[in-house]
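For reference, the structures are reproduced in the following blocks.
Across the two complexes that follow, chain A remains constant while its partner is chain B and subsequently chain C.
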Partner chain A sequence: MEAIFIIATGALVAMTCALLGSFLLLRKMAMLGDAISHAVLPGIVLAFMISGSRDNFSMLIGASLAGLLVTLLIELLHKKIHLQEDASIGISFTWLFAIGVILISAYTEQVDLDQDCVLYGEIAYVPFDLIYFSGGELFFPRATIISGLLFLLTLGFVLVAYKGLKITSFNSDYAKSLGISTLAWHLVFMSMVSITTVLSFEIVGAILIVALLVVPPATAYLLTKRLKQMLLLALIFALLSAIGGYYLAVLLDASIAGAMVSLAGFFFLLALIFSRLRSRSLKVDAYLNE
Partner chain B sequence: MNDVWAFFSFSDPTVRIVSLGTVFLAMSASVVGTFAFLRKRALVGDAIAHAILPGIAIAFMLSGTKNPVVLMMGALISGWLATWAMEYITEKTKLSNDTAVALVLSVFFGIGIMLLTHIQHSGSGNQSGLDQYLFGKAAGMTEQDLWTYSVVAVLLLTVVLSLYKELKVYSFNPDFAAVSGLPVKAIRRILNLVTVLAIAIGIQSVGVVLMAALLITPAAAARAWTSSLKIMLILAALIGGISGLSGSLISYLSPAMPTGPWIVMTLSIITLLSLFFAPKRGALSRLLKQRRHSQKILNENLLKVFYKLSVERKLEQVGLSVDQLQAERAINKSDFAAAIRRLKRKNWLLAEGEKLKLSSIGLVEAKRVVRLHRLWEMYLSQRLNLKEDHIHPNAESMEHIISPELEALLLKELDFPTQDPHNSPIPYAN
Partner chain C sequence: MENQTALEVHNLTASYQRKPVLWEIDFKVPSGHLIGILGPNGSGKTTLLRNIMNLMEADSGYVKIFGKDLDEVRSRLSYVPQRESVDWNFPASVREVVEMGRYRPGNLLRRLKSSDKQKVKAALEKVGMLAYADRQISELSGGQQQRVFIARSLAQEADIYLMDEPFVGVDAATEEAILSLLSGLRDEGKTVLIVHHDLQSAYQYFDWMILLNTRLIAAGPKEEVFNSTYLREAYGGKLNLLSKLGEIIAREQFPLREPDFKEKEGSGDE
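So, the complex of A and B:
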């Protein structure tokens, strides 16, 4: 039973990330996920210090504010101060992360929070935090419920907003010329990414969120040119990584989240080899036809 | 205060080792980071720092020791592999560079976490301390570490000095470097190698995440102050060194404080201040420059209005009221009042009661602007064969930019015309 809960939670988080990550990749913002996931640290610590409790709601608010802050800081450095984009990202999130670590060190007595749990979370603890339904007969882990709701929300968002997301991701200039507010789409999309990052970091850890956002979509991207197929393939790879990763972790007695990412990386490697072979054989065909 | 003196006397051997060590580390990282910054590959350092983890874990699993040299070899190999993977993915697939960076970063790190937890759970007892590579621990520096850092720093300096020209050309324009016959691949390999080296020695002290800051942030600060690579390298190293020193000072004064994050904190503050306040390239000086330009444009536009009304409509003797001027050109009220104040201060305008007049030097200046406008219209219509109704908007912006040298050329080219394409006279100074 515990295994099912862990796999279900991991798969739900991974599939949510796969959907959003596909658009993140198409928008060439892959590193922004990395930046947000690091920068939420000071927000979480401050929320924890102010509210004095580890309840989810205040942490969510703190983390969302910090996530918003880092995107604004990157925009400010890049657009207003004309610093190149990669450096703007690098400076912003490392600075906020350093502030977070300093806050943790300064208030170690008050703050029962360590960097480890924020950075790589522990999906193995999922089955211990249960919520009971209908008088205690039916129960689910809290994390599974949260990630399930998050997945449904994201799936609904992508289905409803599919056209707008597609057009603003592929060609924002064209979208603008059609009178679509690309800024509004950007903000809505980034809030979805922030919410997902913040809600999932407790489950799989901040850094491994980045992997789930990037790796399955990149794998799918190598195999197809159609957005619908890409989304579907990304979902499949996310699901396979979550299931296989759990058993790999059990086999090695290692971090489940780490194993899920390693497996996702393995799938990417296979896709890479496959796409290289295919492009080579296409070249050979073209040569023979000439 | 006494504590500060105690720190800077460096009589405590631990202080000496830790502060010197962090300074060497930060300076090495700043120098290699400058090249990464110029190649617009600043985040590659972040990826390499994360990618070192599996190398350290595998080196430990294979050797069973925590010998720093063995672990360093593992770190170098996996860092090198990650660099290669990022370049391969960027070059050979349709994935963009930032996706390749994020991908390699997270996959290597995931594998690293998996192996590290595997080692910790298998618990042979001597594995503790491996996680210092994750978060860094500057206070644990030994004399041996210090020696390693100084050797690496000297090595880096030698590489940079002896290959300065090649690195410079390659960083600014790799295509040009390749066309000029430079061994681009070899240069890239050497640059990658020193970058991996600087990161591998650094993460022990500042940790995986903050290592990226040590590479990127000093370069960004230095870039705000200078356009010369030499000065930029020296400045970046200085800023890195100062931050390293202040990080260890803070951690010495208040032992609960971690060194690495405070190095990054100092670095970030120096960098933000530089980005805002540096002369020429800073945000503030750019803002001031923009303001000066828009004021100049406003002044000159106002002078044109004066010229039109007073000379061409012969209202010179009566003087002009503010209402008359505003009716002629739509400028918002406060800007308008400010421009009039500025022109009065320059003595280009004279006030007679409520009315305003151009002074003689104001008239010269007004004639200049009108002349430039009409000369440019002349040029556009005669040399570029543009229709008369298309030339005015372009001349509206060019009149503020044309330099005296360009004016002389235009006059010569057009042979001192007396009328513009709309048959208005072109005014000359005398």
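So, the complex of A and C:
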């Protein structure tokens, strides 16, 4: 039973990241996921210091605000100050992250906010924090419920906002010329990434979330040139990485999140080899046809 | 329709990083013309289009379309960005891209209506890309990509079309096809503004011209604009062009169609 809860939680988080990460990739912002995942740290710590509790809601708000702050900061440095985008990203998130590290080490020493847990997460603890339903008969881990709701929210968002995400990712100037508010779309999308990042913190940690945002979508991108197929494939790779990663971790007696991401990287490698072979055979076909 | 003012630009000044790219541009464009926006590289042609579409903030001045602000008449305008400005490896089919021409802020969260899909089909047909509707855009040639962009614009069913370098990197057949399509739009009373960098073909293609070099050099019917004084003013420093100028102007007297269109490389200005 514990295995199922861990796998389900990991899979739900990975699939949520796969959906959002696909659009991050297409918007050429894969590293913005990295930026947000680190920049939310001061938001979380501040929310914790202000509310004094570790409840998810205040942290979620703190993290979302920090996520939006870093998004806006990057936009500001890039668009108004005309610093290169990669430099803007590098400066903004490391600075916010550093503030977060100071806040943790200076003010939260005596309380239960573990740096390791924030950075690396611990999915193995998922089954120990249970919520009971219908008088104790039925119970689910809190993290599984949260990641389930998060996945449904993200799936709904992508389904409803599909056209808007597509046009603003493909040709933002043209979208603007049609009167579509690309900034609003950008901020809504980035809020979704921020929320996902902070909710996934305790499960896979700040660093591995980056991998889940980038690797399954990149794998899918190598294999197809259709957006719907790409989203579907990214979901499948995320699911396989979560299931396979769990058993790999059990086998090696190693970190579950680490094994999930390692497996995702392995799928990427397979996809790379496959797409190379395919393009070579297409070239050979074209040559023979000539 | 003929004498109605489609577009007016007043005292427009715009800059990138405090370096002025457009300086007090002021002109009016009547509807029903095929208009070339000409000027050397970096003369602000693209910036002018971006300002008309409100894609960047002007330092001063304003633009009116049919006497109104852009937001009131947005649906009557269609913008075709430079082909190179998007990533053609984006996972989308030809049809999906052209469908974007039917996207509006109000219908983004809903499915397209069948009447929209019909218009998309008609637009694809007009540019000769209906057979390629389900192709992935990454598999298209430069000319086909440009046709897709034009189809997307046609699907908007606008009255004014603003196109940024639609003839760059396009084969001769496509150039011909696009030109006759645009002339057709003009004949229907639509106004088509085209950023164009090739002086040699400009005189044959357009009936109206806007000559830019950060400042407005001239705007009017091509017979009034395309003369050595204005061209020299616009292209002044470019010596190799100056030497060609005589040749071009000589050809102006005999605007015969040249059969030797080549695959053109190179991008527009900033």
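Observations
In this text, the second predicted complex is superposed on the first by the 286 of 290 C-alpha atoms of A that agree within 3 Å, B and C clash if a C-alpha of one lies under 4 Å from a C-alpha of the other, contacts with A are read in each partner's own complex, and residues count from 1 in each chain.
FYI, a residue touches a chain if its C-beta (ideal position, glycine included) is under 8 Å from a C-beta of that chain, and two chains touch if they have at least 3 such contacts.
Values in this document were obtained by computation on a predicted structure and should not be read as measured data.
Following the overlay on chain A, a clash is recorded for the pair chain B and chain C. Within the superposed three-chain model, A:L152 lies out of touch with both chain B and chain C [touch as defined at top]. In the superposition on chain A, A:V284 makes contact with neither chain B nor chain C. Of the two partner chains, chain C is the only one touched by A:S169; chain B is not.
By the touch criterion defined above, A:W95 reaches chain B but does not reach chain C. By the touch criterion stated above, A:Y221 is placed in contact with chain B and with chain C alike. In the superposition on chain A, A:I273 makes contact with neither chain B nor chain C.
In the superposition on chain A, A:I4 makes contact with neither chain B nor chain C.
Annotation for chain A, partner touching more residues between chain B and chain C: B. Residue contacts after overlaying the shared chain place A:I50 against neither chain B nor chain C. Between chain B and chain C, the overlap after aligning on chain A sits in one stretch of 168-176, 384-392, 402-410 or 420-428, namely 384-392. On chain A, the surface patch touched by chain B in one complex and by chain C in the other comprises residues 28, 82, 221. The touching residues of chain B, when paired with chain A in their complex, are 37, 40-43, 45-46, 50, 89, 92-96, 98-99, 101-103, 105-118, 121-122, 131, 134-135, 209-210, 212-213, 215-217, 219-220, 256-258, 260-262, 264-265, 268, 271, 275-276, 283, 286. Interface residues of chain C, counted against chain A in their complex, comprise 17, 50, 53-55, 71, 74, 77-79, 81, 85-87, 89-93, 96-97, 100, 103-105, 108-109, 136, 138-139, 152, 156. On the side of chain A, the complex with chain C involves touching residues 26, 28, 82, 160-161, 163-164, 166-167, 169-171, 173-181, 221, 224-227, 229-230. For chain A in complex with chain B, the residues that touch the partner chain are 25, 28-31, 33-34, 38, 77, 80-84, 86-87, 89-91, 94-95, 97-99, 101-102, 105-106, 108, 115-116, 119-120, 207-208, 210-211, 213-215, 218, 221-222, 248-249, 252-255, 257-262, 264-265, 268, 272, 275-276.
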